[in-house]
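A, B and C are the chain letters, set down in written order, and residue numbers restart from 1 in every chain.
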């Protein structure tokens, strides 16, 4: 039973409880900015610099286990931050920072492995680490390693997450549930073996292609990390005060992810992704934006999966193909330490 | 979900067949000519299939498909949880199925006991609990065995295969047909037909429902867990109600037979016996609990230990708990939306009642899958 | 938890089987299933135990049962005829390879 005077695991799950914690505790640290500030709780902040925006974002990574099929904490730390910048339209990052907190006794070999993965991810994204910080804590005082990365970039074209209007179409750039399920199979207690791989990848190239094709017709964009596609759709619906109708059968899901989700009783729609984006697009531009995304190697399985509605503002409705139900707003990511 | 690479089994989610079955259901209910027609199912997994696929949006408005006491965690009474909590406090390593972790006892749940330093482990099968006992040979490991008869068979099999000396079972198993009898005898519920749980019927066979159907005048249909299974079973059930035939029909023939799994039944009754017990929210259920037989006293945690619940038990004095409607919900008299706490003070991360704790509880399922708004004409 | 999706048996070692659920494998106990289980069979899982071996022809049988139910409930209804036609055209039971 949770105690109101102590922080609980749910406060890190990316859902309602976390937002409440931020609102109650941290929001007062913000202030008026010329641009997008703390109160917007978007993927990053955007500060006006002349006729451009300086986009800034930061993320801490505590994924457990640190090495998982398809990736590791290093790759995650680079891609997560590159993607947050990209989600706001900053697809050419100027640089990243990297602060590490390492547990005493952490194997140097693992550290080098993480470093190599970060280098590869930086090369893919076309970015470098420009500064950082290093701390070591005693054995047992921190779990293995915690990585924080911050990123910054300039853009003339700022994309928010609140621009949906009734009739707008929703695109997801590929299969959902891969990252969360892959991390889960590596956790010892679940006794499941399977060929599930995380999708962790830098999306800035893909987003650039989408924005070049759609321009101002791309009115909302977010990456479905903690809480999955469902969380993003709820944010879109609530911030724009529209309803969203999600067509279940058109959401791309890998068969292995589907199988794991059946066995574990966890819906792929609410599970974290680390190499996918969700876009809200004006209907006249939807097909050409979809085509541009599909032409990119990371977007081959992209699909049109939903539509914004005037009815039921703030709600997400799932058409299951056999019936319909409300997609309840989850309390965030069902799996702890997923990113 | 994208239906590429659709294996044969997932044909039980074919939208065209679903539409046809929904239309057939509409016709049958109309032919009965009354409203509402009340039918009850007694399995959390059936409610999940219905809620998850949004089937209530395609059920006829005159058909009321109600969930009964089909959630084993939900019906586990407070004193039983207190026994497990007490054992943890006494220093035993308590193994439990995940769902049971957050079920409130009089003062705390097993999850709370864990936070307070007790040794509580979540397991996914009884075999895993035995492995835990082997891993800690110097500790007493107690398996808090919850679940209905299908799950009890697994516990029986594990005991019959032989367990280490430091292993014992705290049995909280329950027997669903006994609960169906209780609900049928409640005049306010007015249930005209029942959908029986598929997996339990795999073990028990469908024949055991024949006397029940004859006595109550309510037909019983055994259904599988895919959405088409549920729809087809409802069509059959409503047809039997319309024709006033208090019979049993098996709509899950790929898994359920008349006599069921005889070897599994033998194992079950070799280890367990039915005794009357209190079910949370439903009071006395004659022959509703499954206790270890006297021959198994040597692995019965209640015999091996003197479990003193005084320090952890007591009367539940809780203003919120007083408003909880779980009992009425499990008896099919109310639905989760009727509860003033639903979705507000009572949520999965802060449950008041048992129905919100378990993944098979009506409240938790409705909360997860969006409840019962009318979505027929949207979009 | 009652999960209705069966898995395919990949390996049998005494009372333990390795079972594949669409690419995800699990270890199941065979103590309580009432028929001998071999590689290639389909079984249903309940809390880590196989509780039923599903004969391969049963899927087709169940779909036929659904057809029967539709036929009985829809005698003389034109719309049902249309839908049945639609299903007959598109719906074949694919055996899993």
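Rule of thumb we're sticking to: a contact is a pair of C-beta atoms (placed from the backbone, for glycine too) under 8 Å apart; a residue touches a chain by one contact, two chains touch by 3 or more.
Since the model is a prediction, treat every value here as computed from it, not as a measurement.
Asker: Determine the chain that sits nearest the middle of the structure, using the mean of its CA atoms as its centre.
Answerer: Smallest offset from the overall C-alpha mean is found for B.
Asker: Count the C-beta contact pairs for B-C and for A-B, then tell me which is higher.
Answerer: Most C-beta pairs in contact, of the two: B-C.
Asker: With centres defined as the mean C-alpha position, give me the subunit A-subunit B separation in Å.
Answerer: Averaging C-alpha atoms per chain gives centres 36 Å apart.
Asker: CA centre of subunit B versus CA centre of subunit C: separation in Å?
Answerer: Centre-to-centre distance between subunit B and subunit C: 22 Å.
Asker: At least two partner chains per residue is the criterion; list those residues in subunit B.
Answerer: 124, 128, 359
Asker: Could you tell me which residues belong to subunit C and also touch two or more other chains?
Answerer: Within subunit C, the residues that touch at least two other chains are 1, 3, 5, 22.
Asker: Which residue numbers or ranges of subunit A touch two or more of the other chains?
Answerer: In subunit A, the residues touching two or more other chains are 191, 255, 258, 265.
Asker: Residue numbers of subunit C touching subunit B in their complex, please.
Answerer: 1-6, 15, 22, 29, 31-34, 44, 46-49, 51-52, 54-55, 58-59, 61-63, 65-66, 69-70, 72-74, 77, 79-80, 83-84, 86-87, 90-91, 93-96
Asker: With touch defined as at the start, can you tell me which subunit B residues reach subunit A in the complex?
Answerer: 1-5, 13, 15, 18, 51-58, 104, 108-109, 111-112, 122, 124, 128, 227, 347-350, 359, 367-371, 373, 375-376, 378-379
Asker: List the residues on subunit B that touch subunit C in their complex, please.
Answerer: Subunit B residues touching subunit C: 6-9, 11-12, 14, 16-17, 19-21, 23-25, 27-28, 43-45, 49, 97, 124-128, 147, 150-151, 153-154, 157-158, 160-161, 197-199, 202-203, 224-226, 228-229, 232, 235-236, 239, 251-255, 261-264, 267, 359-360.
Asker: Note which residues of subunit A are touching subunit B in the complex, please.
Answerer: It comes out as residues 1-2, 10, 17, 189-191, 243, 245, 248-253, 255, 258, 265, 268, 303, 307, 309, 311-312, 317-328, 330-331.
Asker: Which residues of subunit C touch subunit A in their complex?
Answerer: Spelled out, the residues of subunit C in touch with subunit A are 1, 3, 5, 21-27.
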